[in-house]
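Next up: some structures, all given as structure tokens.
Same chain, two partners: chain A is paired with chain B first, then with chain C.
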Partner chain A sequence: MEHYTMNLTLKVWRQQNGNTPGRFETYQVKNISSEMSFLEMIDVLNEEMIREGKDPIAFDHDCREGICGMCSMYIDGRPHGPWQQNTVCQLHMRAYKDGDTIVIEPWRANAFPVIKDLMVDRSSFDRIIQAGGFISVNTGSPVDANAIPVEKNMADAAFAAAACIGCGACVAACKNSSAMLFLSAKVTHLALLPQGHPERRTRAMNMVAQMDKEGFGACTNTGACEAVCPKGISIENIARLNREYLMAGLTSE
Partner chain B sequence: MLDSKIPSGPLAQKWTDYKGHVKLVNPANKRKLEVIVVGTGLAGASAAASLGELGYKVKAFCFQDSPRRAHSIAAQGGINAAKNYQNDGDSVFRLFYDTVKGGDYRAREANVHRLAEVSVNIIDQCVAQGVPFARDYGGLLNNRSFGGTQVQRTFYAAGQTGQQLLIGAYQAMERQVALGNVQQFTRHEMLDVVIIDGKARGIICRNLVTGELERHFGHAVLLCTGGYGNVFYLSTNAMGSNVTAAWKAHKKGAFFGNPCFTQIHPTCIPVSGDHQSKLTLMSESLRNDGRIWVPKQKGDKRKPNDIPEEERDYYLERRYPAFGNLVPRDVASRAAKERCDAGYGVGTTGQAVYLDFKYNLINKYGKAEANKQGIQNPDLDTLIRLGKEVVKEEYGNLFDMYEKITGENPYEVPMRIYPAVHYTMGGLWVDYELMTTVKGLYALGEANFSDHGANRLGASALMQGLADGYFVIPYTIGNYLADDIATKPIPTDHPAFVAAEKEVADRISTLMNVKGKQTVESFHKRLGKIMWEKCGMARNENGLKEAITEIRELKKEFWSDVRIPGSVNEMNPELDKAGRVADFIELGELMCLDALNRNESCGGHFREESQTEEGEALRNDAGFSYVAAWEFKAEHDWNLHKEELSFEVAKPTQRSYK
Partner chain C sequence: MKWSEMFTSSVGKKVVMALTGIFLILFLIVHVGLNACIWANDGGKMFNAGAHFMGSNIVPRILEIGLFAGFILHIVQGLMLEFQNRSRRKQGYSVAMGNKGSKWYSRSMGILGTLILLFLVVHISDFWLPNRANQGFLLGEEIDLYVKMREVFQTEWVVVLYLVGCISLAWHLLHGFQSAFRTFGVSNKKYLSLINTLGIAFSIIVPLAFALMPLSFYFGWIK
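For the complex of A and B:
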């Protein structure tokens, strides 16, 4: 790969905390290498700001490998930035060229209140899982792992849904701030496996009820979520969730 | 005196006997007992879930915004278990033996045997929770190979095994949250242990959102806070991984075991420049199908695909014919360093070797697929196309990750890789029951020192984390708490809580008031450089002595010139980082001291003074067959305690993978 360096203009959302209004600030960054990751570019800016006695930009990140789901930046109108099936921590600066202007905002949704700058509170996702995103089995001695064969196709499909990293990009992309893609990925993961069957009825009902309580919006099938999901979670999961939900409604006493 | 509390009796019977005689707490009393679990990775989440299920009142803490984001989520390649589903001769004994040998005879036999025993239960448990492990067409579980073994015992979910296991444990824990048995505290960082009458009785932590300090009581405290590889600044660990919880415990009396035992992983994406904030692992599972080589000619500048077969040096296959590309990590890392130091390295910096998939892509997978699909005499393009599909299913996410970082397509061009800091075998010293030298204070998972000796085998950390949390602590903690059922919760206005909180508050305000000129990050980078150069892949007496002097100077400079922006009572990531770096600096000194004391080579610890003629690590069993457990006395002052290791079953020999 050819390396190059670039100068950029950043417009970044700054907000002291959840109780104060935010605003955009403009920054110039210089000599950014095309080999840097996007977050390393922000690191460079932050180091400079600290040296100048300013407050650095707060943002969430941890693994920087696209798997923990912590990073969350809305870049030029798209969660996680321009690359397909990618998290912002895996975005690299060769996506940009000298002179570009980049606008960076936090996830915006009522159920994800801003904590500071680009950090938001996603604990609503944990509460959705608490409502039913599990299989009720205690630690002990379950049956041998190979006692129940699982068709490879099913296991693969369950894995594909279980690959969700809980980042919330789907919510950020949705004009209704719906959490349906996240929720449907979990319901699908568990419904496709025989171990998850006994709780199918209640799981979908309880998780959807919790989602509504948290203030996420309804799904109108625009597909914006699927387009930005870093893990390629398919919108077909939402159709499956709707079937599970319907079935639960029909069969609940 | 260190008492490791290893049960008597034959090795294979110890754990069964222990469980048969351990003290129990009845269900009604469990509900009166509170347990603090710090950390929600595999070790912490599995412990919190299991203890919650048993009826204990659990409080679980993590610094991320959700328990599911603990660093365990990033584990890629797989988890070992002695299931012998492949019928290839595996057994509990073999897993035990491989692990003790892989650890270069510096681990405790009894712990390792227990680990091998419970490994089989882990897989059953995870499948019951809905962990979607890879399966074959018959619907049964699949396995792959990892380094240092000759059987296939590694269970996996593509290159995302840690993610799937952690989500299983996280969901089990969230279920207990919903049932009211576990209370979860996210974005909270533990900053001290509270000790009352010689027993751990709680913690002080900081709410990272508001900056407030909080006091929490527990009848016992479990530290499941992960490893400290980030002392090297650049490592494959997540950015937030740190030693702070373990270090605070150490300063309050918990001994630190084998701090210098660090694992340098052979296959990571090389450093690309000064801006580098972390390094990315390419899973060891890739060595199943990737062959490692460098050009036979020094400084060969040709593109890898232009270098003909006979001009490539597959140095691992050459040096270690029996294990080839699947030698243990320490061996593979040193071999890569040796080739690069000798001038055969590739890439712009010369600090890289190739990991090449072409051969197996065509010959193993391409041909097998062609056979399966009944294609007669397939041409090369067809073989490549078919092989790619299989490789994608096995490692797709890793190949994508490589391409995003380097901009190169590893299906076409060999990966460039180089060793990087990955895991710390050292950690808080614990006895057989996972208790530290402070009563009621336990350490689980990577945070303890216990099972991997001087080198961890691949796919064994996930196994250990889950073994500790699901299957060990639920028994051993009862043995302690059974004597504590009469202890009422201690109110957090107890003087010990007040004093501990004040200590934490004072330290934070000292840090904030330095108001110097240099950033936290710049100190961390400098520490990392000292550690990597002088306490990294190769160590010697002079270097270690220099490192100790340099680290002491760095510490002084840090406390007189660090600059932390913002204020205390708000979300302030620079302040969080400053506290962690301050602890890393102190730890760095102890690691160098330990490395200096251990004048032998073993596993990942390579003292240049102690090597065989062929450059392999040379152990000194007469002098160093012990666990070094360090007791903190005062600044720059530690006491060494030795836990002698005795090997009754796996008799130490010079490790050979030839």
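For the complex of A and C:
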């Protein structure tokens, strides 16, 4: 693709901290290369602002190769921007043309309070994982990898669910701010494997209870989460989580 | 986990919606089947025989209480969930996601349900209430419901209102039917595609049959 440069208008959500109200600020960025990533474009703007002595835009990022789940921008009405199965860091400026206006907002959900500007606190996800997203094993020498047979199909399905990077786009996209796609990916990848089997009942119950405690909404199966998931986690996992939860509820004491 | 914990969690509340939803779908089948007897075109003989059984026999009358309970649970729980879910995002987005990823009717179950509820109030006061009042709310003498139908469906705006009710029901079912099964935990692709197809067929056929009833009387297709 031909290289080109562009001038853009950015409308960015600026918020000092969780206690002060935020507002949109408009910025002009010039000579942006079509080969830059979206975050590099923000870097350019931030460096310019630092030179001018202004407060740069705070945003989350880490690996910048689409696997860590840190970047979290809601761009023009879609988490992670216009591309399918993509994270913001892997969104490139060739998606835009000269003169475009881009609106950038943070994830919005009560369970993801804004820390500053485009950064939100996603530790509610960590607490959900702590509630049951693990298997308990004895320490000691590792068990032989082939000691427990796993069917290939199951291993593949579990791996597809385990691809979830916990970025929170599902919550950001959901009209109910529900974390069910995240939760279902975590429950599925353990429930499909024999190692996850012993604790599957308590896992489903405890993780759902923690999700409710954190203030996420309930799932209404609209499918918006699946459409924006950078890792293509399927909404069928939510049905599996429902089944796990129901079985746990019906068979527990 | 206690029953109370199970049915008050976010997943449990959806299970209640799905259970009552499927129950109400079953009711729709009975209702549409019985009402279809008007098309026997026998001056309402067959229809009134069916209606008489439903109104004067103790068994359907006891089931009727269950039906009302099902309706109330579905309505109250549905509205509560809608408000709770909306409150989970205090600060909204300035650019809405809209139809990027979800269908408008799947996001509008609350408003569609409210339209159906408004229709239901009018519908109950058109037929059920005058009939039961005539029976003294026990097992007394019923009114001629076929004559009543013909009478009610002579007014233009009532017919329009019933059509709005049927259209709302169709969209509500289009999402609700398959969503209920997902809530029950059906995740197998082969079942989901079957349920999707069934759901689409049900959402078209049943509301269409209901919509044809006021139209049949209004345009005089049946005597």
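To be clear about the criterion, the second predicted complex is superposed on the first by the 251 of 253 C-alpha atoms of A that agree within 3 Å, B and C clash if a C-alpha of one lies under 4 Å from a C-alpha of the other, contacts with A are read in each partner's own complex, and residues count from 1 in each chain.
The rule is short, and it goes like this: contacts are C-beta pairs under 8 Å (C-beta built on N, C-alpha and C of every residue); 3 or more make two chains touch, one makes a residue touch a chain.
Since this is a predicted model, take the numbers as computed values, not measurements.
K.L.:
Classify the contacts of A:A95 with the two partner chains as first (chain B alone), second (chain C alone), both, or neither.
P.N.:
In the superposed model, A:A95 contacts neither chain B nor chain C.
K.L.:
Should A:H61 be classified as contacting the first partner (chain B), the second (chain C), both, or neither?
P.N.:
first
K.L.:
Go through the superposed model and pick first if A:L190 touches only chain B, second if only chain C, both, or neither.
P.N.:
first
K.L.:
Using the touch criterion from the header, give the chain among chain B and chain C with more contacted residues in chain A.
P.N.:
B
K.L.:
Contact-wise, after the overlay, does A:A111 reach chain B, chain C, both or neither (first, second, both, neither)?
P.N.:
second
K.L.:
Going by the contact rule at the top, pick out the chain A residues touching chain C in the complex.
P.N.:
Checking each residue of chain A against chain C gives 22, 24, 74, 76-78, 103, 105, 108-111, 173, 175-178, 180, 205, 208-209, 211-212, 215-228, 235-249, 252.
K.L.:
Spell out the residues on chain C that touch chain A in their complex, using ranges where they run on.
P.N.:
By the definition above, chain C touches chain A via 1, 5-6, 9-15, 81, 84-98, 100-103, 106-107, 109, 175, 178-179, 181-187, 189, 192.
K.L.:
So in the complex, the part of chain A that touches chain B is made up of which residues?
P.N.:
Touching chain B from chain A are residues 1, 16-17, 33, 35-37, 39-40, 43-44, 47, 49-51, 53-56, 58, 60-70, 83, 85-86, 90-92, 94, 115-116, 119, 121-123, 125-126, 129-131, 133-146, 148-152, 155-156, 158-159, 162-163, 165-166, 189-190, 193, 195-196.
K.L.:
If we count contacts the way the header does, which residues on chain B are in touch with chain A in the complex?
P.N.:
46, 49-50, 53, 64-69, 71, 73-74, 83, 85, 121, 123-130, 132-141, 157-158, 160, 163-164, 167, 170-172, 174-175, 177-178, 184, 186, 209, 238-240, 272-273, 275-278, 280, 400-401, 404-408, 470-471, 474, 517, 519, 521-522, 563, 565-566, 570-571, 573-574
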